[in-house]
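Here it is: the structure, laid out below.
Residue numbering begins at 1 within each chain, and the chains themselves are lettered A, B and C in the order written.
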Amino acid sequence: MSEAAYAPPSAEPAAHPIAEFRGVSKRFGEVLAADDLNLSIRTGEFLSFLGPSGCGKTTALRMLAGFESPTSGEVFLDGEVVNDLAPYRRPVNMVFQHYALFPHLTVAQNIGYGLRQRRPKPPRDEIARKVRAALEIVRLEGFENRRIWEMSGGQQQRVALARAIVNEPKLLLLDEPMAALDRKLRKEMQIELQNIQRRLGITFILVTHDQEEALSMSDRICIMRDGRIVQTGTPRELYDQPRNRYVAGFVGTSNFFDGVVERADAYRARVTLGCGIALEGRVLAPVAAGQAVSVSVRPEQIRLARTATGGETGWEVTILNRIFLGEHTEYLVKHDGLGEFMVLTPRQAELSDGPFNAGERLTASWEATSALVLDNDQAPQAN
Amino acid sequence: MTQRGRNLLLLAPAGAWFLVMLVIPLAVVIIFSFGERGPAGGYVPAFTLEQYANLPARWAAFKNTLMLAPAGTLASLLIAYPLAYYLAVRADPRWKTVLLVLVIVPFWTSILIRSYAWIFLLGGRGIPALLDLIGIDNVRLINTPFAVLIGIVYGYLPLMVFPIFVNLDRLDKRLLEASADLGASPWRTFLQVTLPMSLPGIATGCLLVFILLMGEFLIPAILGGGKVFFVGNALVDLFLQSRNWAFGSAVAATLVLLMLVSVTAYMRLIRRLGAQREDVALM
Amino acid sequence: MTKDKDYISKRAFMEELDRYRRGSVTRRHFLGVTGLGTATAVLAASVPALRPRRSWAQGNIGDRVVLATWPNYHDPANFEAFTAATGAAVDMNVFGSNEEMLAKLQAGGSGWDVFVPTNYTITTYVGESLIEPLDLARIPNYDAAAFDPRFAGPGTVDGTVYAVPKNWGTTGFAVNTANLGGLPKPTTWKEFWDITRDAFSGRTMVHDYQLTTIGNALKYFGYSFNSVDTAELAEAEKLLLDAKPHLFAINSDYQPSMRSGDAWMTICWTGDGKQMNRDMPEIEYVLGKEGGELWSDFYAIPKGAPHLDAAYALIDFLLDPAVNAKESLFHGYPTPDKRVDALMPAEVLNDPILYPAAELLDALEFGAAVTLTDPNRAELMARFKSA
């Protein structure tokens, strides 16, 4: 297949939504699997649904594919309400969680399946050509006549991908396509998937509960919890400006110090921790005095030194544990009042001062702007 | 014990059964088929092909069997498949077991009693009387090949339903979603996924029913009124009425041979269908 | 010889089903048509807990006796009385045809103690050494003088008594006169076969039994019921094949179809004729003027009977005139025993179906031994059925 066989990314402004949820809810008996979802998906973007198991990622995807229709709200595809449109009439293809390849068909027949459903049916040689091109894209040339059970897990995953992309869908849905692969293969596939997405310009929606996968591949990530969307944004936005403690905990790692707001303005707040210590932090979303919050400090924003540096508040800590990570070293430290927390030190920093040893007593410090005061409500928030 | 030894041990009970219940009787049948009938019936050792030369005398029985066994198998399939499909795919899972049991319930009663019920249903005061009410008169059902066909389908339906049901029940429903996702309408999904995937069940069901039908004698005897004669009926007569063991053995050996040939041909066909699944898929 | 006093009506079907479950039903039809006379009806033996304690006063005859007989040919109450008196339970094997009984005995290992052969088969059993000569001293209830020699005679072969008489009867045909539509009632076998191929097309039944079906086809031409002459048999075959498309069924279980009205005419045994006529007077029993079959059944002991004492005890018990009269009243067939006749009600003795007039009887023939084993008759019947 020549690259041109696939439609290039839409030339329209990126804001044009290929798909949209408007107030969509889905109820399965007692379970509210999707709760008032509002989201618009831009043409050509790579969007991920990220969240723990059972949070409703697959349900959201299935409503786009047409396997479930929403209990309330509207699902749009290309500007049309498609709530009750049968799956086979939607310009959408899906890569299933367990691939769902047809065991009675060969690899080529699997990939050509979607093309054969078109009316009028494309000529045989055209199907064969497109199948070959798709196999090329997923780097499975020469596997045409293999049976599905003769393929490894990774190869099956590629066949599933080829079977979907060969149809040049407007929207490609991928439900944890790499969950069954080992770590190394998953990394490779992630890169390949990204390349394919860029080359074909198809809008991808990926479901995953692997934050690393979401962070490394997506243009935007939609964090879900208990059927709701907690926050949608680029990986950087989510990392730097998490809406609440849940998002901060899900995207990257962080140290959280729980407490109550003592006083706050639009930019800063002072939080009193349980131990009586007061911490200052930046405010992203307004908080009020008396509110339960967490002060979040990313491990890499904490510095360790043998001698206290001026200007910042220093905390007297003891090193409990050290893990060498190559470029970084991770330390678990303990402060009498703050408790245990993580520090990530770049190798460079250690050249002058480190390495530090377990049991050593040091000073830990961070800039007040690195500390974020986040709502600590465990319940999900509306988008 | 070696692996080989253990394998032999595993196969021993079946092997012994096979030898005692199949190989030895079959050998006896073949030996008898070259013998002669005694003056008061029974068997007298001899070596003659006379019995085989006499086979055309049972041509009608062979013809009936060879026509009604495939017809009965096909009719059973056509009725069993939608039923199995409904049970496996459509039925509310809560009711599945109940419905399945309902399919088996008739098996709790002997085929004899069940076939008897059909004597009344097909007799003059049964279905023909109902047809008469709507203006179709003078329909004869009982003691016709059609009555035998009905009895066969009725009697063997569960044998056809079960393998197909098991097959369809195990069918990964996600494959159906995948097919729909790739643009196939429900009917095309059925033709391209469900049907080919249930071929093994169909093949098993057809084989079971066909083999049993080849040896059938009860249903033709009861619903055919002695006028629809299968090879099985000829055998019963030969062994229990005219006591012509030699000729009976020749008929039996021929029947076994016919079964072997048709089952082998059938297996070939199934295998070819399996290999040519591309055709099915390209429909 | 096959006899059928059993039938199923729609109303009775559930009862029948119930009896089948209890193991006592033995469908005549099933047996006759399929030839699978293996249905074993176990009376008292099936419920060991109910078995009465052995009666020591009668001497030890063992705890069971195996009887091979025809369906519905005994009063179960008599067997219960026998078991109560002797401690031996009666296991009953029910058969569909003499051929089938012979086949089972020829195959060996039948395990029977008593069986019920029909007159014309006894010489074959003797010839094949399958039957035990009877020690009449052990059957005190058998009084040769009391039995009609016409029916008792076939039990004696070359001066040795091998079998003692049970019941006798005739084979004629039954016709539902309501369907004649103005035609005169058929009275001959010629009319039987002609009407079958004409006004009664699709309504006639013949036995699935070579003796009577071929025999009565031979009668069409005036030949002997027992003929084994190849030319005569060829004519009979032609008639049979010609009639076959017009038959409702080839089936010895004719009562259900006759009663439901599906069939209008059938070859018929005395007892069936009597039962149908009693319930539906329009069904009349006719003895063909040309003749036909006269038969009698016997009690005999097969060679190697495992419970010989019990076998003699059972035969003697059943020949007790009081017991025998009960049997006869139960199944409807007359006995050739004067002592039993004395106990029977007058209306039974005067019944023209059960006791046909002497001139009709004289035209009848006993089945001949040769028909049982003649391969040509057997093959003819098979060709007729499979045509």
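Here is the rule we go by: contacts are C-beta pairs under 8 Å (C-beta built on N, C-alpha and C of every residue); 3 or more make two chains touch, one makes a residue touch a chain.
Here the structure is a predicted model, which is why all the values come from computation and not from measurement.
Trainee: Using CA atom means as chain centres, which chain is nearest the centre of all the protein shown?
Mentor: Chain closest to the assembly's C-alpha mean: B.
Trainee: Can you tell me which chain lies farthest from chain A, using the average of the Cα atoms as each chain's centre?
Mentor: Comparing chain centres, C lies farthest from chain A.
Trainee: Averaging over Cα atoms per chain, report the distance between chain B and chain C in Å.
Mentor: Roughly 35 Å separates the two chain centres.
Trainee: Suppose each chain is reduced to the average of its Cα coordinates; what separation in Å results between chain A and chain C?
Mentor: Once rounded, the distance between the two centres reads 89 Å.
Trainee: Report the inter-chain centroid distance for chain A and chain B in whole angstrom, where each centroid is the mean of the CA atoms.
Mentor: Those two chain centres are 57 Å apart.
Trainee: Quick check: in the complex, which residue numbers of chain B touch chain C?
Mentor: Within the complex, chain B contacts chain C at residues 37, 39-42, 57-58, 60-61, 109-110, 112-113, 116-117, 119-120, 123-125, 140, 142-143, 217-218, 221-222, 225-227, 229, 233-234, 236-244.
Trainee: Which residues of chain A touch chain B once you look at their complex with the stated criterion?
Mentor: Result: residues 65-67, 86-88, 92-94, 96, 98, 100-106, 109, 113-114, 116-118, 163, 167 of chain A touch chain B.
Trainee: Which bits of chain B are touching chain A when the two form their complex?
Mentor: Touching chain A: residues 172, 174-175, 177-186, 188-189, 192-193, 196-197, 277-278, 280-282 of chain B.
Trainee: Going by the contact rule set out above, which residues of chain C touch chain B in the complex?
Mentor: 8, 10, 13, 17, 20, 27, 29-30, 33-37, 97, 99-100, 102-103, 106, 124, 127-128, 202, 205, 208, 210, 244, 247-251, 256-257, 260-262, 372-373, 375, 378-379, 381-383, 385-387
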